[in-house]
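You will see chain A twice below: alongside chain B first, and alongside chain C after that.
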Partner chain A sequence: MKILMILGKLSLGLLLIMTVSGVSSGEVSMPEIPKAKNNFSAEQSCVEPIDLMRREHGLLLKHYRHDTMRRGIRTSEYSLIACVNCHVTADESGNYPTVHHGSDHFCRSCHTYAAVNIDCFQCHTSKPQESFSSDMEPVQSD
Partner chain B sequence: MNVSTQNRRDFLKKSAAITVAPGVLLYSVSPKAHHAEKPVTSETRWGMLIDTNKCVDNCTACLDACVEEHGLTEDVPVEIKPVWIRKVTVRDKQTGRETFLPLMCQHCENPPCVDVCPTGASFKRADGIVLVDRHTCIGCRYCMMACPYKARSFVHEALENQKPHSPRGKGTVESCNFCVYRIDHGMGPACIEACEAEGHEAMIYGDMNDPESEISKKLKEMSSSVLRPDLKLNPGIRYQGL
Partner chain C sequence: MEFWTAFYAISFYVATFILVFGLGYKIYQYAVTPAPLKIPTTPAPVTTGGVVVRLLSEVILFKSLFRSNKWIWLFAIMFHLALWIVLVRHLRYFMDPVWTLVVLAQPFGKYGSFIMLFGLLGLLARRMFVKRICYISSPSDYLMLFLLLTIGISGVLISFVTRTDIIQFKAFMLSVLSFDFFSWQTMPTDTMLLIHLASVILLMIIFPFSKLLHVPGVFFSPTRNQVDNPREKRHVAPWAVKKFETSSAPTTSE
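Now for the complex of A and B:
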């Protein structure tokens, strides 16, 4: 038990030192987040109000992924493909940024700043689709 | 009250004028498409009918189309290459007659892969398409062992540049998904499109619950069989000429 307590105190001390040194080494700079290509509508820049999107986009993605995957609901506005198509922009030479650490990819730049893991792009592509739009618009059959 | 004073004849006239004109829309642009903004239902059961008499030797159009459509192009050893659709040669020992057939996920009504999945990742959509939800797949591969058709593959290596409409990644199981995003947009699976383009027309797809669909009519007309009927899985893929 004693050993455990000592260990506990030691780790607490270490944590303190790390926190203090983190602060002293300067603050993390704000990410430069690339601007989206289009506005969703004249009144609204994204599919939902910006503050909601900033806070809840993870939940929204999770909700709509269930709808799409399990129930076959494919809307044009709520889809990860649409997010990527609009938000991931090419650099001057026409190349899209990777989603790896240190990149200025739309999702990555902010997730690095917030120190939150981003798993979507292990499976989903992080680049906009190039030649797949017109024939895959949702069908309005009634 | 306006409504109460209206006589029955006038009311019918008016409602007829309203319903008959848009009635044209009852015939949708594509009868196969479901409204992409509404959930799929069990009123539809997607199926495929493959005429093995029309499937020829040395043609890999459907296989190539699948690889292209889903981006199954990673450079990995052959043992771990993903195979969503393969071509099987069946040879009658007595007569020496060879039959070729494309074999993929059979989209069973009672899928063993769904039975064994410990996380619910392997599931059957209401319209009969069997899928892997990679968000919940833990890569245990029980489904691969359970599938009598050897239809599933496992992704062993990290991938990049996946197709936008066909996400796939390391550590998860995958198989033919009936090109589900194409189905939801009123298009047919890529393999069938390729077979048609090649001029063989060995495969058709459609709603097996709709008695008016091409596939239902053909199934009613001609004899067809399923693979391993003894397992009573009632696959959605049926074969002619076996």
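Now for the complex of A and C:
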């Protein structure tokens, strides 16, 4: 009985805390993901369904890299360049966000949120082709 | 509001409530239970500072276990230390922005999970194949190992094989933490994630009723937490004073 009394009081206290913090809490923080420039097709917004992209994009890129680098098969199917071209957008003053810190870059917005490292851009560029001046045109992939 | 979102959110509240208050009550109970005898296992420290060192070496390094059985110690330390790293890694789902320490722990936690599973399998093998241990093992002993193995294996599978939308999951977890009742962010419903979370919730609920109480319990074990000073300071349990020493009651030591 004594235990029940103590538990009863404690639960009342917890309920109070919950209501107070429930009132004070605003929106849950979510990553602010920049919108892509185009849809992939009329039926599909990205190269694979969104649910799959959210879960497996890392694997797709890794397997694509393996095919390209080890086996010499270069397609435009899951090309990182195409990802970056479509997804990385400039702000109002025409500047492209950096991928190395902050959370403005398309990849960074979620990767910072979930504390996941991105290795891609230690070698590859994180900015779309349109951002380069003509004298330093990057190599076309397809 | 999706069914699973509400189901898991409410389960998390219930489980956390049981874990926190159940554990709190057990700690209170341990703290007020009298230790009538002076029984530190000698050689024991003769100062309070020495006892702190002894308890810490017990809690962090499992010193007694190391002295009594090397291979059990090896599995135990593998499991417990790796569990710490894995827990630190999981903090990323509960905070935004994520602390630098937690960011740095990510790759270690990811591979630490294998060490954790290896340790668990070793402890399970001990329970099953060491005859003396097998004889005294109750279903509850197996249940703890089974739950931890389920958590570990499903977690590794989510990390390396069948992934889930961790962004959506973190949003769900943060909305649960900020008590957004019935306006929680929708949680992803990948099977492995549901299994992972269900077994975590079960473990949280069982915690204050099971042998997992060795976590707070180790701090209260009289053979480890007492100072070896019976001659300098008389050890008396308060209830003994009242009953047998009516005149000139000595000062109680602890």
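Criterion: the second predicted complex is superposed on the first by the 101 of 142 C-alpha atoms of A that agree within 3 Å, B and C clash if a C-alpha of one lies under 4 Å from a C-alpha of the other, contacts with A are read in each partner's own complex, and residues count from 1 in each chain.
The definition used in the following text is that a residue touches a chain if its C-beta (ideal position, glycine included) is under 8 Å from a C-beta of that chain, and two chains touch if they have at least 3 such contacts.
Keep in mind the model is a prediction, meaning the values are calculated, not measured.
Could you look at A:C110 and tell me whether it touches chain B, chain C, both or neither (first, second, both, neither)?
A:C110 contacts chain C only, not chain B.
Let me test your reading of the model: by the given contact rule, A:R55 touches which partner, first (chain B), second (chain C), both or neither?
In the superposed model, A:R55 contacts chain C only, not chain B.
In the overlay, answer first, second, both or neither for which of chain B and chain C A:I81 touches.
first
Now for A:A42: first (chain B), second (chain C), both, or neither, which partner does it touch?
Touch status of A:A42: no partner.
So which positions on chain A get touched by both chain B and chain C?
The overlap between the chain B and chain C interfaces on chain A is empty, containing no residue.
Using the touch definition up top, name the residues of chain A that touch chain B in the complex.
Residue list for chain A touching chain B: 65, 67, 69-75, 81, 84, 122-125, 127-129, 132, 135-142.
Residue numbers of chain B touching chain A in their complex, please.
25-26, 28-30, 33-40, 123, 125-127, 131, 133-135, 158-159, 161-165, 167-170, 172, 180-182, 184-187
Would you mind writing out the residues of chain C in touch with chain A in their complex?
Interface residues on chain C, with respect to chain A: 17, 21, 24-25, 92, 96-98, 102-103, 106-107, 163-168, 170-171, 174-175, 178-181, 185, 190.
Within their complex, state which residues of chain A touch chain C.
Chain A reaches chain C through residues 3, 6-7, 10-11, 14, 18, 21-22, 25, 28-31, 51, 54-56, 59, 110, 112-117.
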